[in-house]
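Please read through the structure below; I'll follow up with questions.
Note that the chains take the letters A, B and C in the order they are written out, and that residue 1 is the start of every chain.
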Amino acid sequence: MGFVVEVLRGQAQVDFVPNALTGVVFSAGLCAAGWEFGLYGLAGTAAGTASARLLGVDRDRITAGLEGFNACLVAVGCAVLLGARHLSTALLALAAAALVTVLTAAVARLLATWQLPTFTLPFCMTASALTIAAPGFRRVWHEDAGPAALPRAADGPVSLTFTDLWHGFFANIGQIFFMPQWYVGLIFLLGLFLAGRRAGALACVGSLVGLLTAWALGTPAEQVAEGVAGYNAVLVTMALCGVVLVADAWSLAYAVAGAVAATFLRPALAALFAPSGGHAFTWPFVLVALVFLAAAPVFPRLRRV
Amino acid sequence: MGFVVEVLRGQAQVDFVPNALTGVVFSAGLCAAGWEFGLYGLAGTAAGTASARLLGVDRDRITAGLEGFNACLVAVGCAVLLGARHLSTALLALAAAALVTVLTAAVARLLATWQLPTFTLPFCMTASALTIAAPGFRRVWHEDAGPAALPRAADGPVSLTFTDLWHGFFANIGQIFFMPQWYVGLIFLLGLFLAGRRAGALACVGSLVGLLTAWALGTPAEQVAEGVAGYNAVLVTMALCGVVLVADAWSLAYAVAGAVAATFLRPALAALFAPSGGHAFTWPFVLVALVFLAAAPVFPRLRRV
Amino acid sequence: MGFVVEVLRGQAQVDFVPNALTGVVFSAGLCAAGWEFGLYGLAGTAAGTASARLLGVDRDRITAGLEGFNACLVAVGCAVLLGARHLSTALLALAAAALVTVLTAAVARLLATWQLPTFTLPFCMTASALTIAAPGFRRVWHEDAGPAALPRAADGPVSLTFTDLWHGFFANIGQIFFMPQWYVGLIFLLGLFLAGRRAGALACVGSLVGLLTAWALGTPAEQVAEGVAGYNAVLVTMALCGVVLVADAWSLAYAVAGAVAATFLRPALAALFAPSGGHAFTWPFVLVALVFLAAAPVFPRLRRV
């Protein structure tokens, strides 16, 4: 029973919330996009949590779900990028979810030197390694060609319709779990409000900042509507206001600046990985959040929780 | 008035010199290449210095101009790479110059663990992110195609004329601010001699080492004449002899070895970034200088200032 | 005489063994692949060891051969990748082998914060910089075209013959020194057994894990037979079981997990470097070994030597 709660909390920790009920709603959201995704998410979180128990990781981290969220994202990422219905993908997702425990321990120890949390850095590293290595293995990669390509300048219309905007508003929250459907994002948002009004409100603020920044910079409308442009803004806003820094006007302004930076940074990461066949994942969020938190002690106006 | 001096010192700190008069000469040099570049440089330094004041950064750093030089380079880099006469470039340059304050604070805190200075690492990170992300935004990027391309083997003549040599000697100093004109480099060199004979002499030594290394390795003559081959050697020589290590024969030899390494490293960084559309900036200088300084305490012959 | 022993130990330290006799056997193995490689290996190790003496590095490190193995690999790598019979390659190999001393000192100091060893990280950084920069210099690069190319999905047969398997078993050990010939790997393995039964046995275990993982994932048969698929598994197994962690059942299981991860990671590193013209070298080993060691203190079942 304790294990089930840990796994559900692990799902919810993707959005910084140690709440099992939110984890149930997140699973429902994944199933709304496809039952395989719901299954991969739960199985990945379970594999990560179980391997943390086996290796003897500190119980407090496991109980809070902190050993599950990176594994959850790795498993769902495998399903989305390598095809959920291959046996090879399922085995790889389980193995990777277990290995993420080691990566989390390593990254946590290195970053502890500066009192920084890992966020989804272990997921980003694992998912990048997986997707870039995959085309090199014939039993893992089931497409004819690999995904490597030189990045090109954006084209396509940039003026946004009302539909683009409200789809994008919810899809920004769905894309945190790789899902472009607006209704999946809406279910995730309900889960966040279940965990507390602040979590839900900050996700909304982040999504709006992401939309506005993407529009101002001239992001192609399709990327805005599918949430590709704005998911990092949601994560940065939630991470910088309330999770590590005390939630006040200063940290909110700081979080909004970070959300703008992460929205700008996303195509840079996409272009950096494109020639090798990789993806941006949540690298923009992780890099911006770590930089802004590492800098925080230098600015006396920002207070740590 | 204090703010004006801080901004001018910030300009001069690009070459490690906290001297407002040198900052005036550097501005004149930028204006000789184009008045827009002079304006972007001053505005960027001012934005960086102002945001450091607003966020409450330690006064000593601001007074010494240490919160201005990365912002200066970011703004001039925007003007050179995105087109100085677009409103989008101006707004982006100001925003980026302000954000560099956060990045500087973060990098300074991380590197303080090993008593290492930031050098232009915050500039390199920001400028790389900006130029690689830019083609992804239609209101930021005003060309038809993006700059991404696979690197090719060097071609073109490698034998140097006397004109190549003396142009290159000054252009090595001009390219620190992205400027290939020999007379711009000459103005910068005058500014350095204004700050002190040692700063000017070290810049000359570094430029000569860069020229000689580039010739010995067979660098295409055009790159030598425009200072592309040697600007990192100038920066490494100034940084390793006198700024952090006591200036003596040992640190000079160490600096020359570093200058050779940085000259070699430049095409590696260019090739690493080329497929994503990025540039080498001063990454070779930053990486070599940080490695050589991190190693210095292991070698008893080198003494820290 | 002391210097000769230090150089031979430096050769042997490529495989974590401070044994001069093993160094002699390794040299013989290199000569079996080509006398130039044997010469480059010895000259590189000597240059690295000598520059460490000149700069005044701690005597214990030099005596144990720890200042030689990265330089050895850098020099052999130059011979393999730039052509052993060019004067430019010989000069570059010596200069790079000397510079590796500085890089080793820097990396050792940074990683000491977490009590982590450098492994072959200085070699990987130097060799990557060298091979990616080389095509930019006409007196260094003697081919018409550079090596940069977008990575493609694996093709070719993946079913392994018995010949592929036993060739691969030995070649996994030979590829640590860039050599694809099975008999070179066999000589290296004899050298390891000379140093002790455990070193030899662990190399065999690592090679088997590499073979099995490569087969299970569907690695092209040619890569398996030439040892490209499995050399990182050999290194990881030796590094994680006995060198830093106490050799017991737990650290062996941990090492095997690491060997699987490194075998998976290899094509990712190859794809990351391919568009710039670089190679995977022992990056997969270094990254996996550092991550697994950084994580080790979190797991109470693993004990440090």
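In this text, contacts are C-beta pairs under 8 Å (C-beta built on N, C-alpha and C of every residue); 3 or more make two chains touch, one makes a residue touch a chain.
The shown structure was predicted, so the numbers you read here are calculated from the model rather than taken from an experiment.
Annotation, subunit A versus subunit B: rotation angle of 120 degrees from the Cα superposition, expressed as a multiple of 5. Homomeric contact subunit A/subunit C: same residue numbering on both sides for under half of the interface positions.
Between subunit A and subunit C, the centres computed from C-alpha atoms are 35 Å apart. Of all residues in subunit B, those that touch two or more other chains are 113, 150, 275.
On the side of subunit B, the complex with subunit A involves touching residues 55-58, 95, 99, 102-110, 113, 128-130, 132-133, 135-141, 143-146, 148-150, 275-278. On subunit A, the positions that touch subunit B within their shared complex are 113-114, 150-155, 158, 216-220, 257, 260-261, 264-268, 270-272, 274-275, 290-292, 294-295, 297-301.
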